[in-house]
Structures are given as structure tokens and as C-alpha cells.
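Here is the structure we will look at, set down as C-alpha cells.
The letters A, B and C name the chains in turn, as written, and every chain counts its residues from 1.
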Amino acid sequence: MTRKRPNYLAGLGSLVWLFVVGLPLYVMLIATFRTRADYAANGPLGLPDDLTLDNYLNDLDDGFARYFLNTAIVTVCVVGIVLLLVPPLAYAIVRSDGKATGRVFRLFLLGLAIPSQAVIVPMFYLINEAGLYDNLIGVILPTAAFAMPVCVLVLTGVMRDITSELYEAMTVDGASTRRIFLQLVLPLSRSGLSTVVVFSALQAWNGFLFPLVLTQSSQNKVITMGLYDFQTEHGVDIPGLLAAVVLSVIPILLVYLFARRALVQGLMGVGGK
Amino acid sequence: MKRHARLLRTAVVGGASLAMTLSLAACGGSADGDSGTIHVLVYGDATNKVEKQLVDTFNKTSKVKAVLDTVPGADYQAKLQTIISGKQAPDVFFNWGGGSIEPYVDAGLLKPLDDFIAEDPGLKANFLPSVFDTAVVDGKPYGVPMRGTQPVLLFSNKKVLQDAGVTTPRTWDELLATVGTLKAKGITPIALGGGDKWPTQMWFQYVYDRVAGPELFEKAVKGDKEVWASADSRKALGMLEELIDTGAFGTNYDSVKFTDGGSPALLATGKAAFELMGSWEYSTLQDAYPDFVKNDLGYGTFPTVEGGKGDARNVAGNTNNFYSVLRTTEHPEAVAEFLKLMYSDEFVEAQLAVGNLPTTTNTPEFLDRAANPEYSKYQYDLVKEAPAFQLSWDQAFPPAATTTLHQAVQQFFNGQTDTDSFIAAMQSLPAA
Amino acid sequence: MTTATASAADGEKTRNRRRPARPGAGPGRPGFAWAAPAAVFFGLFALVPLLLVAVLSFTRWNGLGSPEFAGLENWSALLDDPVMVKSLWLSLVLTVLGVAVQTPLSILLGVWAAGHQRNRAVLSAIYFVPLLLSITAVSVLWRAVLDPNFGIPAQAKWLFGDGNLFGVQAGALGVLVFVSTWQFTPLHTLLYQGAARAVPRVLYQAAQIDGAGRVRQFFHITLPQLRNTVVTSTILMVVGGLTTFDTVLILTQGGPGTDTTNSAYYMYQKAFKSFDFGTASAVALLLVLVAGLVSLVMVRLSGYDRMRSTLEGV
């Protein structure tokens, strides 16, 4: 290690940031175990008079379990679609010699700049015309489409690092394009693929606008909608609301605890290393 | 390397087929036969259980089955507008009457209820007229009241008033004096959820009514732009300005919301003395601060204004919510039967049980069994006796006006605009 | 995996280090068919709607019935609309402030976290948590925490005064920037952490022999080496900043007045509050054009799109 002297300034700064990050999380967590009257009387920072689990129980009664399932379905499907479509595309962009694939790449780069809310009105009509309104598929398809540009960017970046010697070696062996893709490109793009999985999963898990406009009934509600509805319906119940927030994070927090390394590595990959 | 490739391929293929399976499962879950059903779309909130109960009752005897769909509050109007002219349009839907259904009437989407009423006069006669009239557009009835009436009342914290040695103000001048006294004691006189904007609008509704009578706004909503620049209008704005300038609402009201519990909490915890709010304030407080409601919650009408043209008994607020019917519904007979439930004894009892106050003529028979009989009776008599019931401004105007209206009231309160620009903003609103 | 230390965005270095694949027809080269499914899918769900937006921007439509052709009516109305101009300005302010606050913060945190000490790993794990919350959840949380009467401002009057954060423009904008920073700094910190770890050790060792202090090392070695990451992270911040929507919807609703009504929110308001889909589409298209232009410039700067030719031109 090159650094011997501890860096006190950086240490202090990191503690300040810990405070900024930790304080609201602490407030949230502690508030979920308090009654509404207690929260209003003692303030968010005050110590609670006594603790209760009612906030969580009430939220679960409100159908949050169903929302979890829906969000999980959406997330799995979005990740599936992206994994199915993006790797061959990135492969073609990096290795194809046709002009067309270059244009496709530029198209996706421009796609980075299309905010999803800009197309929400026509999206509604397309989905409605396709008979997919208030159907999870109607949420999955556009969510996957809008997760693609970043994934393409990441994956092409990673695939470019595969040297031509490797390709040539396989070509000499008489390997088909497909075999090269499956046996060379995919295995060597693992880091990029994990980034793609993490990124698209986060997009799907946290999706807001598409479910807001494209679904309606409670059987097709996802967690973010559950949360938003909760705020509009029981906004006055801050502890209950925050308990709902905590519930919405638990699954992804579990993933984080058990697969932190993969998740962090995956996200680092967005920066192209 | 080969092993990795196989693993990856398995993962990809497996993931994809899982995705397909799940999509199909999701698809199968929400498909339902279309024949023989009517879809009922309502605003999603805590009182949906009443609508659910009535749909169940209806389905017990009807061959055509009703299906209840709910859309959560904030997005209801947007969602309705986007689906009402398409395949997903409901047969029967919740609305606020007035401007909220005007665009649909203009577009020829709604069914006038004259035929239904001719067959069963009870569909009109069994409701309080001032309420039923809210959903009359161009002389034709388009809605049947389906929830409770929600007049706006002046709520107070009796303990705070007592400690400060003041009583509930009966006139505008008394209100100003009371505000001064409370301020001197370090209490925010009036709680206001300015962040939501519509609570701010309530002050305009009542002051305009008391000063100019209900006619001014009636003309304004029909497109008469001159009334906003009238002497009465300017007088009302001047009074509001005076009240704001005395610091009646404190300084941070635009950061406070009713919808997240901010302003009712101010009232209940004694940090503020008054709040002008819809009658739902009672149940909101009942949930969070039952002791306060039992001991110290006061409620009354808006103060009178000396020399004003408005009757002191006039109220403002949401007259009720309504069910309107789509012209293209395939089962009008079933819809008519469904609407008849809206004046049934079961309906009244169920609404009272969740704290809503129905506006049917048979309601008084059940008031003793209401969750809060005294409060319910007070409101029912108030609405019944009121010479005029002013529908909330943002409901009376068509939805296209809401944003401008809300911004104008907020900017007038926080001093970003003056009287003249407020008048100009109101004159720019599209007429109903 | 050591080859991965070279930044993908750094075309120059890649060229020097190895001989890239040579173009030319032949076996083992994927054809357009490999790109087609993704292109069609993306076209259908992103480009077709965008085209429809362009068409709608020339129509009058409230969602009922069919759109009527209105020519340039919406566009000329927008040019005279003070709120529209203000909203573009606000989008820009939000973006610039976001970049200005998040970039130094995440570089410092990222470089700090790149160290392998145990306490840093633990703290980094905690820093990461805000990223796991959805924007909805984060906005809901901060709305509650910043309530002037029952949130932290009520208990820290020395800092917040009367707590009227959402009632004045500076306060409301500040909250929006702060909340985005709170949520997205972890992501950018991660990017910089990854990049800082990839900086070759020898550079630092050489600098230490020269007697360079920590500060000089940071400015002369670390920062230049992070150049490409700065571009990537800035693109993400800019596109995110220009399209800030959920936080505005939940935290400020564009208020007070129109003081935080940025273009994305203005578009939503025009479409789903006023049901003026024609004007809303014009705003949307304007937003896409601005965002497209900005990211085009940045993509050019970063060399993402030139990458292919740089590689294949050898």
C-alpha cells in the first residue's frame, strides 16, 4: 500500500456524509415503529414513547404482498427481454462490418436522450390499441425498451475489449458466428452482462411513470404504485407511509446483503470501468 | 470456457422462457369475459368498501354483473380522461359533477338520465335538490349522487381558543381581532395546507360568496370575465390580502400540506387555532387524534361579512360525488337498477358507517346510527338549509383550468402576484 | 480480466495497447440479423412513440375524440408562454446544480472509498443504501423528514428558520437538488471508486519518490486518470437532471407557483392536468431536442461514437 499516513480530512468528510445518509434512514426506520400521535408529538428525532408493529401489519393488509409479486414479475421479464436482445445487438455493433449496424448504434445513443415521460402519451395509445392496457406486459415492454440504450452502451464497451486474436483463433477453427458468440463473446462479457442485469433490474424495480399511466386495477399494481397510492390515500399516516417505504426496500435490500459484490461490480460497470 | 458458455446459455434461455411463462401467466390473470358485465370506475380511497358492498349486493340479484375498478385519488381525473373515449371506458363512473363532466357532455359521451328518471322518478326525487343540481349540465341531469356531501367548515381547537381568552368569530371583523390576539400569544392563528393549493382556494370561495353572493362565481364559470374585475371581486381580494398580511397563516404555509397530515396536526396539537377544511377533516382527525376530537374539536360556519351580499347560511365545498353513465353502455337497464341502489337504506347505512353523509331524503332516519350522530346532523341540516351550495372552484371549472387556478391562488397568498394579476389569471380561465 | 483495466471509452490507449479486430467480410462476422430484433423492439417502443409525439405536437387534442390538425398553433403559443421559457431555464438550473454538487462530492467519496481498508468497505456499504430506494420512496421519505412543523426543521430551527423550504423558490430548488444528490451520489461514487482502483499503482509510487504530497497526487495523477469516468458520469447526471420528474411530482408539484415547474413536469401538467395533449407533445419534443443535443455534444466529447472507427481504422 502506498498510503501510510491516515487521511484525517477525508475521514472527517466521510463521517459527515455518513450522517447525511444515515439520519433520514434512521428517522424512517424509527418512525415505522411509532404511532402517529407519538410521531407528531415527539418529532422525528425524539425518542418514541413505545414501539408498535401495527404500521407494518396494516400495510401488509393493504395488499403489499400482491404488489411485490407484480414487481418481481415485471423485473424478471424486463431483465429477460434485455438479456435476450441486447447481447446479440452489441455483438453485431462491435463485430459487424455493415453500415446498418453503425446506424443502429447511433440510434441507441440518441435513445439515451429520450426521457420516458416525453413519449408517455402515444405510449398509452399504442399499449391501449394493442389491448395491453392494465396488463403487466404493457408495463414490461416499454420499460425494457427504455432500459436498453444504457445496456447497449455498457455491453459494447465491454465487448470491444475482446482482442481480435481470439476471434481469429476461433475463425481458423471454423467456428460459426453463433459459436463465437456463445463460446467466446458471452463468457468474456460476463462483467458487462452482470451490469446489464443489475441496471435493467433496478429500472424495472423502481419504475414509476409507465405503471402510473399504463395500469389501473389493484391486481396489476406494482410496489412503486402501491407507495404512491398510499401517499395519496393515507398521506396523513406518516409512520404507515414510511413503513410502506421500508417494506418496498426489503426485498432489494436482501439481494444487496447476499449479492453485494455482484451488485456493486455490476453498477461500477455502468462507468465502463 | 465451454462450460461457462453452456452455463450462460442455460441462464439466458432459462431466463427468457421464465419471462415468457410469467408474462403469459400475468396475461391470463387479467383477462375476463366482456359479455354481461358493467364496469364501475371509482376514485380509490379508504371508503371504497362501501362501493364494493353495493356491487356485491347488486350482483346477488342481477344477471349482468358489475365489476368495480378503482383508480387512486391523485390520478383519477387523468386516468378517466385517457380511457373514457376508448375501449377501456367504464359503463358507470365516479365524478364531481359540474365542470368535471362538462367536456364529456360536450363530446357526446354521456347518457342523459331523463329516461331513467321517467321510469323511476325516485332517481331524482330521493336526493336533496341542491346536491342533485350539481350534475345537471345544459338543463339535463347526468349524475346520481353516490357518496357523501362535504361542506367546508371552519374547524377550531377549543382549548387553544379558551386559553387565549377568545371565542369562535362570527363575523369577519371578529376573525381579524381573534387573529391578532392569537398571534400575540405566539400561536399560528390559522393552519393552512398551502402546499396542496386547494386548501388555499377554500378561502377565496367563502370570501367571494360572503362579499358578492353566489351569483358572481356562477357568472364567472359560464364565461363572464368582467365579474373578476368588479368592485365586489376587488373588495374580496382586499379582505384576503388584509388577513394574509396580519400573519393569520404564519409564514411557512406553502411548505405545509393537508394531504400528508401537516395542517390537521397543527390544529390537533394546538400549534394553530383554526383550519378551514372540508368535512372530512373530522374523520382524518378521528383516526389520528381521537382524544382531541372528543374533547377539543370545534366546528362551525364561515364568518359573515358586514354589508356583504352572500347569505350567511351559504356553504361551499363538494356537494357530493356522482355516478354518470356512458352513452354507449350495452346494459342500460342493468345500469339503471344499479343506480337505484344509491338511495337504498343499505347505501345510507353503509355510507354513514364510514363517516360519509349521504344526501338522500331518507338519510335523517338513520342519522342516530351514524358514527358521529351530532356532527352528521349538524352537516345535514346545514346543507339542507343552505340557500346556495357553491361547488369547489376547481371542480366547477373544467379540468383544463385547474393548474392555472391553483397557481393563481397560491401566488396571491404568497405575494408573488398582486390583485390585478390575479384578476388577469382568473380571466384567462377557459369557461365551462 | 486485467485487460479490463483499460477504459472502454479511451480509444487512444486501446489503439496503442493491442491490435483490434480488422474489418472485412468473411465467416464469423455477425450480420444485421443479429441487431435486428433489438432494433425493431426499440424502434417500436421508443422511436415510433417519439414520431407520434412529433405528429401530435401539430394537433389540437384533449384526449376525447380524434386530434385535429392545428398547424403551428401549439408551437407559436409555446414561444409566447413565459412558463415554458421559465421551465427550460429551471431544467437547466437543476441540471447544472446537480452536476456541480454531485461531481466533486462523488469524486472525493469515490477516491476515498477506493482504498481497501475495512472501515471504508463498511461505510461504503451504508452509503449505497439510498440507491436501493426507488425515487418514489426517496421523495416520500424526504417530504416527511422536511415537514416544517413535524420534521427535522421543527427541531433544528437554528438551521432552517421557519422551515418554509417548499414555499420559496430557492428552498424548493435546493430540496430537489439535495434529494437527487442524496439518492444518486452513491451511483457516481461507485463509478469513481471503480475507476480510481484501476489507476496503476506505479504512477503513485513514482510520484511518491518525487516527493509529491497527497493533494498533488490527487490533482496530478488521480483526476487526469478519471477523465473518462467524469464524462460518463456527467452524461448520466445531465440526462437525469434534464428529465427530473418524479421528485418534482411528489415533492413540490412544480410550486411555489411555477417556481420549480421544469419542462418535464410542465409537459406532464399540460398533458394530464390540463388535457392539452398537443401543447404537451410540443413541450415533450422540445425536451427531447434539448436533451438530444446535449447528450450528442457529450457523446462526441467522450468519443463513444467514434470508438468504432478508431478501433477499426488501424
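Just so we're on the same page, a residue touches a chain if its C-beta (ideal position, glycine included) is under 8 Å from a C-beta of that chain, and two chains touch if they have at least 3 such contacts.
Note that the structure is predicted; figures quoted are calculated from it, not measured.
Asks: Would you pick out the chains that touch subunit B and also touch subunit C?
Replies: Chains touching both subunit B and subunit C: A.
Asks: Measuring centre to centre with C-alpha atoms, which chain is farthest from subunit A?
Replies: In terms of C-alpha centroids, the chain at the greatest distance from subunit A is B.
Asks: Select, from A-C and A-B, the pair of chains that is joined by more C-beta pairs in contact.
Replies: Ranking A-C and A-B by C-beta contacts puts A-C first.
Asks: Roughly how far is subunit A from subunit B, centre to centre by C-alpha average, rounded to an integer in Å?
Replies: 36
Asks: Quick one: subunit A and subunit C, Cα centre-to-centre, how many Å?
Replies: Roughly 15 Å, centre to centre.
Asks: For subunit C, write out the residues touching at least two other chains, lowest number first.
Replies: 144, 150, 272
Asks: If a residue has to touch 2 or more other chains to count, which residues of subunit B qualify?
Replies: Residue numbers touching two or more other chains: 75, 82, 260-261, 265.
Asks: At which residue positions does subunit A touch at least two other chains?
Replies: As it turns out, subunit A has residues touching two or more other chains at 40, 81, 84, 213, 228, 231, 238.
Asks: Which residues, counting only subunit C, touch subunit A once they are in their complex?
Replies: Those in contact with subunit A are residues 1, 3-9, 14, 18-32, 34-35, 37-39, 41-50, 52-53, 56, 105, 108-109, 112, 115-116, 120, 123, 125-137, 140-142, 144-145, 150-152, 154-155, 182, 187, 190-195, 198, 201, 204-205, 208, 214, 228-229, 232-233, 235-236, 239, 242-243, 245-246, 250, 264, 267-268, 271-272, 277, 280-281, 284-285, 287-288, 291-292, 294-296, 299, 304-305, 307-308, 311.
Asks: So in the complex, the part of subunit C that touches subunit B is made up of which residues?
Replies: Residue list for subunit C touching subunit B: 62-65, 143-144, 146-150, 162-168, 171, 253, 255-258, 269, 272-276.
Asks: What residues on subunit A touch subunit C, complex-wise?
Replies: 1-3, 5, 7, 10, 13-14, 17-18, 20-25, 27-28, 31, 39-40, 43-46, 81, 84-86, 88-89, 91-98, 100-102, 104-123, 125-126, 141-142, 144-146, 148-149, 152-153, 156-158, 160-161, 163-165, 167, 170-171, 174-177, 180-181, 191, 202, 205-206, 208-209, 213, 223-224, 227-228, 231, 238, 241-242, 245, 248-249, 252-253, 256, 260, 264, 267-273
Asks: State the interface residues of subunit B toward subunit C in the complex, per the touch definition above.
Replies: 75, 78, 81-82, 84-85, 103-104, 107, 109, 194-195, 197, 250-256, 260-262, 265-266, 271, 399-403, 407, 410-411, 414, 416
Asks: Under the stated contact criterion, what part of subunit A meets subunit B in this complex?
Replies: Residue list for subunit A touching subunit B: 36-37, 40-41, 70, 73, 76-77, 79-81, 83-84, 87, 124, 128, 131, 133-137, 140, 182-184, 186-187, 190, 193, 212-213, 216-220, 225, 228-229, 231-238.
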